[in-house]
Amino acid sequence: MKKIINDPEALVDEAVEGLAAAHPDLVRISLCPRYIVRADAPVSGKVALLSGGGSGHEPLHGGFVGRGMLAAACPGAVFTSPTPDQMLEAGKAIHGGAGIVQIVKNYTGDVMNFDMAADLLRAEGIEVENVLVDDDVAVKDSLYTAGRRGVGLTLAVEKIGGAAAEAGMGLAEVAGLCRRVVANGRSMGVALTACTVPHAGKPSFALAEDEMELGIGIHGEPGRERVKLEPADRIAELLLGPIIEDLPFERDDRVLLFVNGMGGTPLIELYALYRKAAEIAAAHGLEVERRLVGSYVTSLEMAGASITLLRLDDEMIRLWDAPVVTPALRWGA
Amino acid sequence: MKKIINDPEALVDEAVEGLAAAHPDLVRISLCPRYIVRADAPVSGKVALLSGGGSGHEPLHGGFVGRGMLAAACPGAVFTSPTPDQMLEAGKAIHGGAGIVQIVKNYTGDVMNFDMAADLLRAEGIEVENVLVDDDVAVKDSLYTAGRRGVGLTLAVEKIGGAAAEAGMGLAEVAGLCRRVVANGRSMGVALTACTVPHAGKPSFALAEDEMELGIGIHGEPGRERVKLEPADRIAELLLGPIIEDLPFERDDRVLLFVNGMGGTPLIELYALYRKAAEIAAAHGLEVERRLVGSYVTSLEMAGASITLLRLDDEMIRLWDAPVVTPALRWGA
Amino acid sequence: MREALDRDAILAWLALAADRLEAEKANLSELDRPIGDGDHGVNMARGFAAVRAKLAAEQPADPAAVLKAAAMVLLSTVGGASGPLYATLLLQAAGKATGKPSLSTADWADCLAAGLAGIVQRGKAAVGDKTMVDALDPAVRALDARRDQPLAAALAASAEAAREGMAATVPLVARKGRASYLGERSAGHQDPGATSSHLLLQALAETAARS
Amino acid sequence: MREALDRDAILAWLALAADRLEAEKANLSELDRPIGDGDHGVNMARGFAAVRAKLAAEQPADPAAVLKAAAMVLLSTVGGASGPLYATLLLQAAGKATGKPSLSTADWADCLAAGLAGIVQRGKAAVGDKTMVDALDPAVRALDARRDQPLAAALAASAEAAREGMAATVPLVARKGRASYLGERSAGHQDPGATSSHLLLQALAETAARS
């Protein structure tokens, strides 16, 4: 896979510098340790949302830093969780006196590093709540796995949790709300091509021209099963079916339907996929109250898509609609 | 190239239906003839911007329909200009009594079809101004070519022209302003991979692992020259150099710097590219007043990027900053 | 062997052209890939399939009506550069055919000449620019030189002239259309539009040759 | 042949480990590709290169100080799952080493045991879950059984035990870490972390064997 890149080791720092250069009004950055904070941080008296994870999922998380969403994001190396020192410094930079909620995607590495970071922040006298996002139904949540992975739903947790923090809700309330979003959301993804980690130089797995990988994560990990490439409408069924069953979503549930691109799939295909996904949701009696289509939680240049369904309540809808001003997600202001 | 797709012939209609389903608050559509109009069209007393072109460049143009930008977009088949009957019906649907400005990317097919559309609309008693966008410096503008192609700058013409129309400016003023944007903007692109037209089924050209195509258009046409793949920083120089020379841009010019992805290149690479582009602009004494980074004027799943530079004046800046509420571009409201 | 082109002959021609374009779809698009955007065959096949459907639905009265109806369908279904151009060709031809129940060799020579003039006026291409004009222009001249000959022979000659003009586009450097963006690199490829023009005139010649 | 691990021996070990990880970088990442995310080698090489640089800059006083300094560097440079885990290993080992100018076989057996305990506490992995624990656990037991033997021989035995544990991960189905997402499909691949654990203990054995 060819990339627009200098030294692979420098890619993440260069992208973070580019983000700062492109959005001076929205974000500030530090390179050692590496973090991105909203330009007006710390916002005193308000809870601050901190997230992060391996790089390669852009715009997640750095593109979601700004008013109404994340106060800080800590980008690790590509597909590698950030380290505790990053969260410690970012946390100090954004703490406004009302505590910090760490949004953590459920991967062993992320969990361990954010746990250690929470210990370090508490040692600084900062109250910290960790929220684990584990929405990927492709992974069975059992004693025999590291648990479900955190994927597309992360965006909704950060948007709704960020709006709650902006609205002045307390630490426990914001964390509780984020956990409610996690409890009501499910996702599943498919890959048509693998992606290539820059420093690795070759694809993380190989797919034949007529194959697709069902139930992939967002780190180029292989998925749940390899199947024949199917038409878009069938792919929508293969993704939404398990999602709806898992929660389960039921008739008259009001939902957010989020069709997400993995990075290499163009918008024209995502909208065609959304069309069928909305049709299926309607056929199940779900009321699609809010929608999002685009490449927001990606896996480098991987071709593929994921679908996220979130059961909404009035409070979530109000907070989803609240103003957000970030590099990648913006409305209401 | 593998795609999330049903019948290639149905892709464009399905994507347009998906767009409508995903943004019912912003747009309305028609399928025969095929067009997308802002939900509140016609806006009486205001000039209406109409654009369109081959599909496969999403979010251009359909994603830019809405308040403060396009009143209508007419999507043709993939990489094939729309037909006059589409513009005729879309034009009738958006005409608010103050005339229509057609934004036309300079390709023989688009020019001919929009010219015929203008004749048909005038026959309906509607005043029409056509604005040709031809910003691609990769093509020499001479008697021996069809003239420079319209590429990335189109977004700026539609944003600034749309804001002018929203502000109530007259037909001649809006068209004049659009032409001023065209006169002050230049672009150039590079491809790392070719793209595959769905119904064609195979890539439009072949690039070796160590090659890139410099000066490509947005229809999978081959570019100006095939060169060795270069690092991101060098690519920024290869694109910006000819752009700056061509206008030419001069010290203290205030500019919009737009780094655009071709569809298959992830955001992390685009931001790394932006970083160097901004550095080069500064080194030339240009004042980067406004910025945009993302995949907005694409070529299906092609990996690559383009850079657009627009010399701004106070009026353009005010109109660029004006509220825009469309599926793909949104701020200020 | 037909003596003149009546309504049914024009209908038969357009139907045969639709078949041939469907059969040649991939090849025409293939020609358009290296020097264009790879869609010419698809555009033409889509358009003529629509023409066939339209003409099957409503049976126009005379040659002019058939040509005009076909032109309007092409205009709204082909798109690209070739759509307006071929629509213009048929529209101008229809103009010349107006009022005539059937077209003699000389009549058709005038129709085709008018069609070519329309294309040149809209597209501003000259012979040698590596466009459909390079196939149409010699065809028009061949036909004009045979105004008084039997239809089938004259049309065969004009199709042959188009074939030569088509082949002659290979070495040319394009000055119009997408291919012109390639400059020198456009040489060495046969122009797709010239190829479809020959296909259309070849189909007409064959139609006339049939009894 | 060293009798005990003094400060210089620990420094020499970590330096050798950095070399070996740099040399094995591609292979370790390659192991991580089919059942993980293909970055283990890069993560480890990056971390230990930083450890080497750090220890070259400031020369800590004793084994405990060296181990602690290395742990903090790994914590902030490796990331992923292996970063906190190896950091914990060295941190716990440092705790046991505190106050000792040099470590006997028995001392090191206690250090490594404490380190493993820390990893298990943080990662909740049991033997057989296809993780680094499968290499470290047998190494700890081999060492404990040789508390009174000469250092070099004991470390060689523990490295060998780690090698066997590493090899034994191949048929296992992963229950922890990314590989667990694959379920049955994780069988048939050697665990990258178990492999890097063996590499580290092998480097220590070689360090001790050198005079």
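A, B, C and D label the chains in the order they appear, each numbered from 1.
In this section, a residue touches a chain if its C-beta (ideal position, glycine included) is under 8 Å from a C-beta of that chain, and two chains touch if they have at least 3 such contacts.
Bear in mind that the values here come from a model prediction, so they are computed numbers and not experimental data.
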Omitting chain B while every other chain stays put - resulting connected groups: A, D | C
Leader among chain pairs (count of C-beta contacts): A-B
Farthest chain relative to chain A (centres taken as mean CA coordinates): C
Interchain centroid distance [CA atoms averaged], chain B/chain D, Å: 55
Euclidean distance of C-alpha centroids - chain B vs chain C, Å: 32
Inter-chain centre distance, chain A versus chain B - centres from mean C-alpha coordinates, in Å: 29
Multi-partner residues of chain B (at least 2 other chains): 78
Numbers and ranges of chain D residues touching at least 2 other chains: none
Touching pairs - complete list by chain label: A-B, A-D, B-C
Interface residues, chain A side, partner chain D - complex: 33, 54, 76-86, 107-109, 112-113, 115-116, 138-140, 143-146, 149, 197, 199-200, 204-205, 217, 219-222, 224
Complex contact set, residues of chain D against chain A: 29, 33-34, 36-39, 42-43, 46, 75-85, 122-123, 173, 175-178, 180-183, 185
Chain B to chain A touching residues, read off their complex: 2-7, 11-12, 14-19, 21-23, 55-56, 58-59, 63, 78, 192-193, 207, 209, 212, 229, 231-233, 235, 259, 263-276, 278, 291-293, 295, 298, 300-301, 303-305, 327-328, 330-333
